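Next, two complexes with subunit A in common: one pairs it with subunit B, the other with subunit C.
Let's turn to the complex of A and B:
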């Protein structure tokens, strides 16, 4: 889901930066209030986890690959605003040092994977686990389903950004300038990869880690109860 | 919060296991290099060709010059995680500065 440079027109890239920027700003303001010197190491641990988990490419029918992101997991432990910052940092390092995702398209990639993904995933998790006791299985089940829905929402956003390119940006004779595939191709291709493979990878990772934390470090799942400032 | 140390160990294990991520062959959909377009599409879209090499990453595709793909991937995971930790720790410290 890491859109490389050249697939989106510079105009689209500008729009996506403009969409992400105010949310980055709000996220820093939010975590300024919620993050403490005790939870900073957790932000680092879960951001690094997100970086690493994205390296586990899984095969997708049709010969392509996809991977989990871990954004919903960060949202569950530290809140969706912290997840935006954490996943954005992971994506920044991936783009700058490893060429995974572009520089111009960084705003689009963060919008999809660091904003849409954790906020949608967290909303679904909340819907399922709200008011459930800390040991309830509704937490890890909600985490798994939230992870699945969140990453698919992100994939849908990416496929729309890509699929709009040939419609708006082409040469006089109609030859596409950037991503050459329209919505009719990008949406089925991206959704196939994420509904069948990456969504389940994200569900297993998110639900699995939340179940693990419930059993071994339940206090990590209660961090947010004390200072929940997120709507 | 002492057993948070276990989570650091888990990150190290994750790095060692990362070459599992190399087993799947093929490129992620929509992440092809310009070299893949001629056979796939018959041409390289002009704008795509123009911007695709805008930035040259020092360790492209999580490879490290001189190291095999598996060892390079593990080191890339370690280097990448170290950088993510450094940046997130720095941002975290700045944002929580008032509370130190």
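Let's turn to the complex of A and C:
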């Protein structure tokens, strides 16, 4: 789902930076509110975990593989605001230190994967698991559905950003300057891949890990409620 | 439509074994970081430039590549990155391979259908197919359009040039210096500290993941079903998550024992020299020239 540089116009990149900026600001304020000297290593390690999780290839029925983003999982453990910061840092390192992803399109990528994905995924998880006992299967089912819905919402946002390019940014004779496909092509192309393959991988990873944590490390699922973490 | 590096590699290699694919991705990530550090230590042109100047000027170059509507300007910018790579002692075959493999090749595959009138209507260049009794949603003739071809070329070249600029920055700047240079962009000190720590721990995670996947590979005989793979993967990620939490506590205690009080202090001893000013001047003149050509 990473959009590389060159797919989006500089205007779109600017708009996406502007759209992400207030969320980053609010997330930073939230962190500052609960800032303790313990926050720095916690955020750093979970950002590294976010980077690592993006490298896991999950098996998907049918023989293919896809890899998860893990935004919903981090949101369930640390809260959606901390997930925004953690995934944003992982994406910045990918773009700036590894040369993957985009530097100009960083705003768009974080909007999709570090804002839309964890917030939508977490909202769905909360809706399903609210007031459920710690051992309830509603937690892992909610996490799986949250992961699936979250990544599809992020894919929809990415497909809209890409699909708007030929509509707004073209030459006088109609030559597209950036992503050459309109909404009629980007939405079905992105959504088909995410509804059938990538969404399934995200659901498997998020639901599976939450089920594992419920049995082995249930305290991690209550992390966001603790005072010394970023909620 | 737009895929991440790992997906693109998977798409191009058609490797469906999730263990082998993850191991390949991990090796590639570590290889990239090691090579980047190796070339960043070479006594080349870009390595000698102040990282703050380099970061700002490379952002300007990226903006120029994104802004221009002209194929010749994009071609010129791409040739400039090749010249800079040579002057910075980066083997040209390595640089071209690093840039073109995956992202621009994938962009080319993505752009291919856009050259036809079905996606980009316009002035016909040559007919590829004439459909007799075509369905209502398809035109009677499928042809390559001038607008489609030009759009695809500009798209691929823009992606390749942008990736080249980003890769050149990564290959010629040590990550510690790049990190300090972020301060110029008013990046908060706490953010720089978190970025630095994250970068260090990424390699520990990659190493742990490699061990986990290698252990599974060395113990796997025959085929396993999808449910077993899924359970194993969830347990591996879950364990990694648990380790992350415990590690953050240990790191915190280690930081406290070394005098950490919650306030980051970063040493910064950059000074601009004549070479940096010359590079700044060159990028400034180039920007004015590209904007002037673009406005004509």
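Some notes on this structure:
Note that in this section the second predicted complex is superposed on the first by the 200 of 231 C-alpha atoms of A that agree within 3 Å, B and C clash if a C-alpha of one lies under 4 Å from a C-alpha of the other, contacts with A are read in each partner's own complex, and residues count from 1 in each chain.
Keep this in mind: contacts are C-beta pairs under 8 Å (C-beta built on N, C-alpha and C of every residue); 3 or more make two chains touch, one makes a residue touch a chain.
Because the structure is predicted, anything quoted here is derived from the model rather than measured.
By the touch criterion stated above, A:204 is placed in contact with subunit C alone, subunit B being left untouched.
Look at A:115: by the touch rule set out above, it reaches neither subunit B nor subunit C. In the superposition on chain A, A:124 contacts neither subunit B nor subunit C. Judged by the touch definition given at the top, the superposed model places A:144 against neither subunit B nor subunit C. Of the two partner chains placed around the shared chain by superposition, neither subunit B nor subunit C is touched by A:164.
Within the superposed three-chain model, A:154 lies out of touch with both subunit B and subunit C [touch as defined at top]. Contacts of A:173 after superposition: subunit C is touched, whereas subunit B is not reached. Residues 1-7, 9-10, 28, 35-38, 40-45, 47-49, 51-53, 55-59, 63-67, 89-90, 92-93, 95-100, 102-104, 158, 162, 171, 175-181, 186, 189-190, 216-217 of subunit A lie in contact with subunit B in one complex and with subunit C in the other. Interface residues of subunit B, counted against subunit A in their complex, comprise 1, 3-4, 6-8, 10-11, 14-15, 17-18, 20-31, 34, 41, 43, 45-62, 73, 76-77, 79-81, 83-85, 87-89, 91-93, 95-96, 99-100.
Per the touch definition, subunit A reaches subunit B in the complex via residues 1-7, 9-10, 28, 31-32, 35-45, 47-53, 55-60, 63-67, 85-86, 89-90, 92-100, 102-104, 158, 162, 169, 171, 175-181, 186, 189-190, 193, 216-217, 219.
Those residues of subunit A that touch subunit C in the shared complex are 1-7, 9-10, 13, 28, 35-38, 40-49, 51-59, 61, 63-67, 70, 73, 77, 89-90, 92-93, 95-104, 158-159, 162, 166, 170-171, 173-181, 185-186, 189-190, 204-205, 207-209, 211-213, 216-217, 220, 223. Listing the residues of subunit C that touch subunit A in their complex gives 1-7, 10, 16-18, 21-22, 25-26, 29, 32-33, 36, 59, 62-63, 65-67, 69, 98, 103, 107, 111, 114, 119-123, 146-148, 150-152, 154-155, 158-163, 166-167, 169-171, 175, 178, 188, 190-191, 193-195, 197-199, 201-202, 204-206, 209, 226, 229-231, 233-238, 240-242, 244-245, 247-249, 251-252, 255-256, 260-262, 264.
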